[in-house]
Amino acid sequence: MGGLREDLRDLLEAVRTGDTSPDDALDRLSELPYRDLGFARVDVHRELRQGAPEAILAEGKTPAQVAQIFAALLDGGAGSILATRADEAARSAVREVAPDAEEDELARCIWIARSVPEPRGLVAIVSAGTSDRPVVREATIRAELLGTTVAVHEDVGVAGVHRLASALPDLERADCVVVVAGMDGALASLVGGLARGPVIGVPTSVGYGSAHGGTTALNAMLASCAAGLAVVGIDDGLGAGTIAARIARGRE
Amino acid sequence: MGGLREDLRDLLEAVRTGDTSPDDALDRLSELPYRDLGFARVDVHRELRQGAPEAILAEGKTPAQVAQIFAALLDGGAGSILATRADEAARSAVREVAPDAEEDELARCIWIARSVPEPRGLVAIVSAGTSDRPVVREATIRAELLGTTVAVHEDVGVAGVHRLASALPDLERADCVVVVAGMDGALASLVGGLARGPVIGVPTSVGYGSAHGGTTALNAMLASCAAGLAVVGIDDGLGAGTIAARIARGRE
Amino acid sequence: MGGLREDLRDLLEAVRTGDTSPDDALDRLSELPYRDLGFARVDVHRELRQGAPEAILAEGKTPAQVAQIFAALLDGGAGSILATRADEAARSAVREVAPDAEEDELARCIWIARSVPEPRGLVAIVSAGTSDRPVVREATIRAELLGTTVAVHEDVGVAGVHRLASALPDLERADCVVVVAGMDGALASLVGGLARGPVIGVPTSVGYGSAHGGTTALNAMLASCAAGLAVVGIDDGLGAGTIAARIARGRE
Amino acid sequence: MGGLREDLRDLLEAVRTGDTSPDDALDRLSELPYRDLGFARVDVHRELRQGAPEAILAEGKTPAQVAQIFAALLDGGAGSILATRADEAARSAVREVAPDAEEDELARCIWIARSVPEPRGLVAIVSAGTSDRPVVREATIRAELLGTTVAVHEDVGVAGVHRLASALPDLERADCVVVVAGMDGALASLVGGLARGPVIGVPTSVGYGSAHGGTTALNAMLASCAAGLAVVGIDDGLGAGTIAARIARGRE
Amino acid sequence: MGGLREDLRDLLEAVRTGDTSPDDALDRLSELPYRDLGFARVDVHRELRQGAPEAILAEGKTPAQVAQIFAALLDGGAGSILATRADEAARSAVREVAPDAEEDELARCIWIARSVPEPRGLVAIVSAGTSDRPVVREATIRAELLGTTVAVHEDVGVAGVHRLASALPDLERADCVVVVAGMDGALASLVGGLARGPVIGVPTSVGYGSAHGGTTALNAMLASCAAGLAVVGIDDGLGAGTIAARIARGRE
Amino acid sequence: MGGLREDLRDLLEAVRTGDTSPDDALDRLSELPYRDLGFARVDVHRELRQGAPEAILAEGKTPAQVAQIFAALLDGGAGSILATRADEAARSAVREVAPDAEEDELARCIWIARSVPEPRGLVAIVSAGTSDRPVVREATIRAELLGTTVAVHEDVGVAGVHRLASALPDLERADCVVVVAGMDGALASLVGGLARGPVIGVPTSVGYGSAHGGTTALNAMLASCAAGLAVVGIDDGLGAGTIAARIARGRE
Amino acid sequence: MGGLREDLRDLLEAVRTGDTSPDDALDRLSELPYRDLGFARVDVHRELRQGAPEAILAEGKTPAQVAQIFAALLDGGAGSILATRADEAARSAVREVAPDAEEDELARCIWIARSVPEPRGLVAIVSAGTSDRPVVREATIRAELLGTTVAVHEDVGVAGVHRLASALPDLERADCVVVVAGMDGALASLVGGLARGPVIGVPTSVGYGSAHGGTTALNAMLASCAAGLAVVGIDDGLGAGTIAARIARGRE
Amino acid sequence: MGGLREDLRDLLEAVRTGDTSPDDALDRLSELPYRDLGFARVDVHRELRQGAPEAILAEGKTPAQVAQIFAALLDGGAGSILATRADEAARSAVREVAPDAEEDELARCIWIARSVPEPRGLVAIVSAGTSDRPVVREATIRAELLGTTVAVHEDVGVAGVHRLASALPDLERADCVVVVAGMDGALASLVGGLARGPVIGVPTSVGYGSAHGGTTALNAMLASCAAGLAVVGIDDGLGAGTIAARIARGRE
């Protein structure tokens, strides 16, 4: 909190010397309890330092709203911007205001990469099946924008467990492993027993009937006795990418 | 349905010859639509042939009721009798009426084995952890009373997966594999991929919090994409033992 | 596990005789822990022996993905291939790569039958109502591709219980009975009391309101006190067909 | 509503003749909108006519509260009084204030029968198993206190379906059939197809695991396609006895 | 069971007199356990006597299937036929095979009335709101086809409780009251306290958010302490109409 | 209840003086138990005094029904009319009968403001995100029609917590604060700790996966240990606007 | 926020005049962002002004912990202290440290009333049944400690609806009505239609089976179409008492 | 995987030179696919390197079983041993076999610390309330046994948010923050916005009614839009301590 403390000291010194009147100082101070309270300050600093992407959840917003927020962030900041769960209409509206935006149709993502920090650490992402790809892509995009290297191994569930073998070296050396799986979510338990580092599970809504839209995979991951496993929300590739990148980059 | 048909023919012949009056024949026939309808007949025949144990669910009954039913079956039939989920009070009441009954405290079972058919086929039972033992025991007792051989491999979950290796030969040669697992139920998916024959999963209420009393394991097993896996109710060792023995003994 | 053991012995003998250098042998052995571990080996052997169909869950995949996987399996294996829950778009894409594929619009299945083993055993499938037909068809297709004979009796629920009578001989002689029912799932309890062999219940999402998309039928089947009944996931005709065929074919 | 109308006319006539002052009349009238509004009036009339038992749900009340309410109803009315779900402590407290009260330990009921109307109609109660007896007893006591004849057939579930045969005549001639069943609740569907009159299902909390404390039986009964079946709450013998007696007695 | 008994006696007499050979008698008898077992016999008799409508649940069937079943029933029986939850496509297909069919677009019903018995008894149907009308209509159509008079009072929920006043006479004199309500289902509790006869609640899926598609109304009705109230499934106007008509017509 | 009492006294006095015959008086009185019972009377008085908007839930009604009810209220009352959850078709139908109606497309509301009372009190509405706007708008429209001032602060969730600072003065001086939030609903707990007056939470169905359509936010708000917080149903802007306005206007 | 602003101005003025050094001022200012941020400041001010009771949830804490917290609050503040859901052991431990504490065994509350503000406004609390009394008492104690008058009307549910009549004057004149009800929670809808001011519903866990531990009442209240109704958590008398008192006291 | 490869090369070389016969080599190799497959090897290596504590879930096991497993691990390994959710009976049994074991009554933990690695990294644990302490303790014990430093800040929920201020420096500098919270779980969202590193949420079963035994907190944390937050199961202090320590220690 040094920066704030020094600003305050300078201000008080200016009062003491008479350069600033108590009333002017008061005006600036009265904003402090909110403008500079913990959250806000940290957020701003983090963005300046890391170019952390602002994420916009497009679902539930009109295309016009998404584009408007995207444009505002484009103008007002230096970091990346990422809109998730954006259907074609939303992405099209964003393209109007940000013609250079990159896009992933499957992941329903559109983004501008700016000030992405030098990659640090390795995130390994493994998925159970082809249908989990949209979530895998969302997590990958997010993690890369936050400045980490991502190694992806898809379709390594029961039907393709031999592919898990080729993923093993990455599971061993990754700073964080992300497991994306729907249905019974069993891949998370399996990987949780194999990986050496922390594992983040992402239950997906893939599957029908007893998969209950991802709730079964979610509960199975949470109830897993595999040590070192934590979970984000159903289909939440964004959240997985975020925490995985933070773990992989480590304390900064 | 030959037996019934022949009985009927004999009866009709007796009417034709005058040995039986139409009225007497009618009295016997009027019971037929129910006493001899499919279900009842099959059940009785099966018991005579196989000594299939009658099972009494002790939970929800008073000790006196359990003992009374046990005694009635003891007198009225030739087959085995098995009371499940019987606490000490219920088992004690049964011992009064059946001093020779065998007992398993952990499984809360008490039983009399009678006319158990020559064992046929092999059922392999694997469990994820020590806490699953009561269910393993219930399934084992039931399957053996129905006349099959049971091979048990306990505690082969993630923490003890090396023990799964030693179970593998049994998984390969068993006519039916029963997987008993709580928490995330992932062992069923794993075994479902390893076993060659049909697999019956038994979710257990082992675990806390997100295990949701067995519902998580149940849903995970149902949502598993492992082929050849079917599931019985939570903690239902009795049901698992029954179907496994039927599969193992095959068509008779 | 004889096959593997013999392969290894041959390899070691070749090392001993100098026909193979330790380094070459090492390259082959180093793949063993994964390529040849239990699951993989069994799967490959089983496919060679039985022509077990590979199943592709089309739902959640793009038509292009389904077709691509279908084509890969067509090229890479000798066994049957079956895509389930494939809508018209997916099936159309598959027809592009596999013009000879058979199709069932109601069941949303498309498949190529190859190396289907000589049928063995009998699976009887009974359903409660006309609306259960897609699931009945999926189970039938799957079971037949695995090499078993299937006898189907549809619409034998409460409203058509007289039709159950005509199904009775099949219920009695089948090696495995599959009961497909939505709503209250009561048919499974009824058949569970009538059939002599193992019974597999398939709850369906047929019905509205209190049917809760199949959950009611599922729970009712699991809670049934009918002996010898196990259950697969909601609408999971594929799973039911798989385990039923394995039971019916018996140990091989 | 004749009685009320005549009372009012008498009152108004008394005002007209001067026997009653408007102010006195007003005092009596001002209570009318509530004391005599539909519900209250009907209830009072019904009790006078039928001796309808007041029911006290003892669960959630202290023994002292139960006894106090019981005593108040004993003093203040002419009809029967019935306390349900009363444990030994509650029943003991009631015995203090009502030494003549009848009791059923299994059903946890205690009651005083007064002014029970001449029985009319027949209610048949069938249950799936011995463990359902407490609910059967509660329904029976309630229905008899309301003035109807009750015929009970217990333990006629799958395991004892031959007993259902002997119940058939009662199912056919009853004015209302009550089915008490836990677990899969399938007996309600079965009886719903057999009985000719209206059927009331009572799901019970009997069973464990997938029985989900009666919810499974409840949903199965609601989702049943058996015509003419309606359901009361889990374990609600009181409610079943009430509606069954009303149906059996018919319009009065 | 007189009819069956007399048929049997005639048959046996014919055997005794030699008019029928034992073998011919046997052929007819051997069908009895199924063709004439309780359910079937009762059903057939009831239809002959009452012209009870056969109901077809159109949802989940293709339009062609619905029309085919409708046509089969039209040819094979004398009673009414009613298809429910039939969308425009299904109704259109039915019109092809039954041009005289009556229709209700809102209720999604299409039916042929035949041999409807002389109305007996009165069913009063009250609903909470305009949106409940489809269910009200389905119940009305069904009850009228079964031969009872129906009095409907719609939109008498909290916002229109004054309309409940005008319904009161019907609530008092009806043989059965049906309450159709979504959201909180409170109307059922209110009417349950007002009506003198049995009350059948129909929870509807009307409402959003916390109404949980009718589950809230369902549970509230089941948990209601109003005496004499039983419940059918969510949106199940068919079931409500059936049991209400049976109650209203009384024992026949 | 003075008004009713005085009416009654006048009526009785008229009987006493002979101005009204007992029979005429009786006719008027016989309607009292229903027409004038608490609810009805209060409602009518409130509307006259406050011009309280009648609200029509358009969802589940046909456009024609909505328009018909709207028109009836337009003719029959003096207060405002508000149709909620009205899609374009419903709003279009209303415009036919009420060309002057105001409309909000996002909120899916259409209304006529009449006799809106002089605003009293202040309601502050804060929302977590842009996607909550439809609910915010519905609550705002409703509260303003009831006669209160509304101050709106949107998008003050975690990502925009600095905006909460600028909302603080309104949170402090509002008579009632409404918090609209989906996902984790945490904003309600936060505001519940900041606001000095009563707080009404509105969980919204914004969010996916683990948000469970608003249930998560709902439960979180209910489980919050923030004092002075109560909750309305998911997405129920109408309910929130109503109670907030009543609190803000205070006792009248 | 005047107080804070003036404190700051004084501090700055002291810096300007040299009475305080910049460093000393800095030490005090550096605590501001947290110690004096909105929440904390408001809380402290409110307690000083209103003597708002600190509430301790005893459930989940050891008796020693409860007593320790109680004692700390007793020493450190001037306002009331209230421990809720405190069993005999917890209350006994509190009596050790606060011998003068008042107690309510049924409500499981123990408290010290200090600096309770002069009562303002009226809260009316109505409950459906005797079993709801613990929640009624908790709400009453809390509301009185916050400084408002409370009028209680218990047991006014369906069985005792005539008692609702006598409650009506209080419902009409109360500034806030609290409805405490379990089972179907219908009393909240009924009162919501009768009361003129805001209504707070408290679902209780009273009832069994389909009452689902209060969830049914909760959902019914939330889904109620009665205007002006908001809800607190199941059994949360504390929350209801808090918001009701805030509403009743109004803006201060 | 070098170690394995080298072992294999040595073995093959020995075969080539004749030091080992193919048969002896075969015996050793035949165990490889299982004994040395990924999971097992990694696990063993990790324990040797880190002294990772073996955790025993005591719940669901008899005291004798817990003690037996504890003793076996004590004899067979070099690392720490930790039994969780162990009641007094279980801990007492462990003390018999391990008199030196350390114990925490509140956390229901008993353990032996051995070969704990030199602490690396910092884990900050914050909790919402006093009742969360058992979970806090379990996480702390686990994390310390894994070799990391733990800083604990308890009771920093809404009621004690000023204490969050003093925790802020630790939140900023921790390598991983663990948030333990029940009820609404809002603290996780708040901390998720404040902390700079990855955050692990632990929902607890603290709270009653709408807290739904921790499910509400769990869902709220999963639905939180705070970036960088992942969650373990309800009350799973063990899991949280494990992943937090792995994150804090970083890649090794």
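For reference, chains read A, B, C, D, E, F, G and H in written order, and residue numbers begin at 1 within each chain.
Basically, a contact is a pair of C-beta atoms (placed from the backbone, for glycine too) under 8 Å apart; a residue touches a chain by one contact, two chains touch by 3 or more.
Given the structure is predicted, the values throughout are model-derived calculations rather than measurements.
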item	value
Partner chains shared by subunit B and subunit F (touch criterion as defined above)	A, D, E, H
Farthest-lying chain, centroid of Cα atoms versus that of subunit B	F
Whole-Å gap between the CA centroids of subunit A and subunit F	39
Subunit F and subunit H: spacing of chain centres that average the CA atoms, whole Å	50
Subunit F, residues touching no fewer than two other chains	1, 33-34, 38-39, 57, 129, 158-159, 161, 165, 168, 193, 207, 209-211, 218, 222-223, 225, 233-234, 236
All chain pairs that touch each other	A-B, A-C, A-F, A-G, A-H, B-C, B-D, B-E, B-H, C-D, C-E, C-H, D-E, D-F, D-G, E-F, E-G, F-G, F-H, G-H
Residues of subunit H that touch subunit A when the two form their complex	1, 38-39, 42-43, 46, 55, 57, 165, 168-169, 172-173, 175-176, 193-194, 196-200, 218, 222-223, 225, 227-234, 236, 238-240, 242-243, 246-247, 250-252
Subunit H-touching residues of subunit F, taken from the complex the two chains share	129, 157-159, 161, 183-186, 189-190, 192-193, 207, 209-212, 215-217, 219-226
Of all residues in subunit E, those that touch subunit B in their complex	1, 4-5, 8-9, 12-13, 15-16, 18, 21-23, 25-26, 29-30, 32-34, 36-38
Sites on subunit G touched by subunit H in the complex	31, 33-35, 39-40, 54, 57, 59-62, 65, 69, 85, 203, 205, 214, 218, 233-236
Complex contacts: residues of subunit E adjacent to subunit F	106, 129-131, 158-159, 161-162, 164-165, 168, 206-211
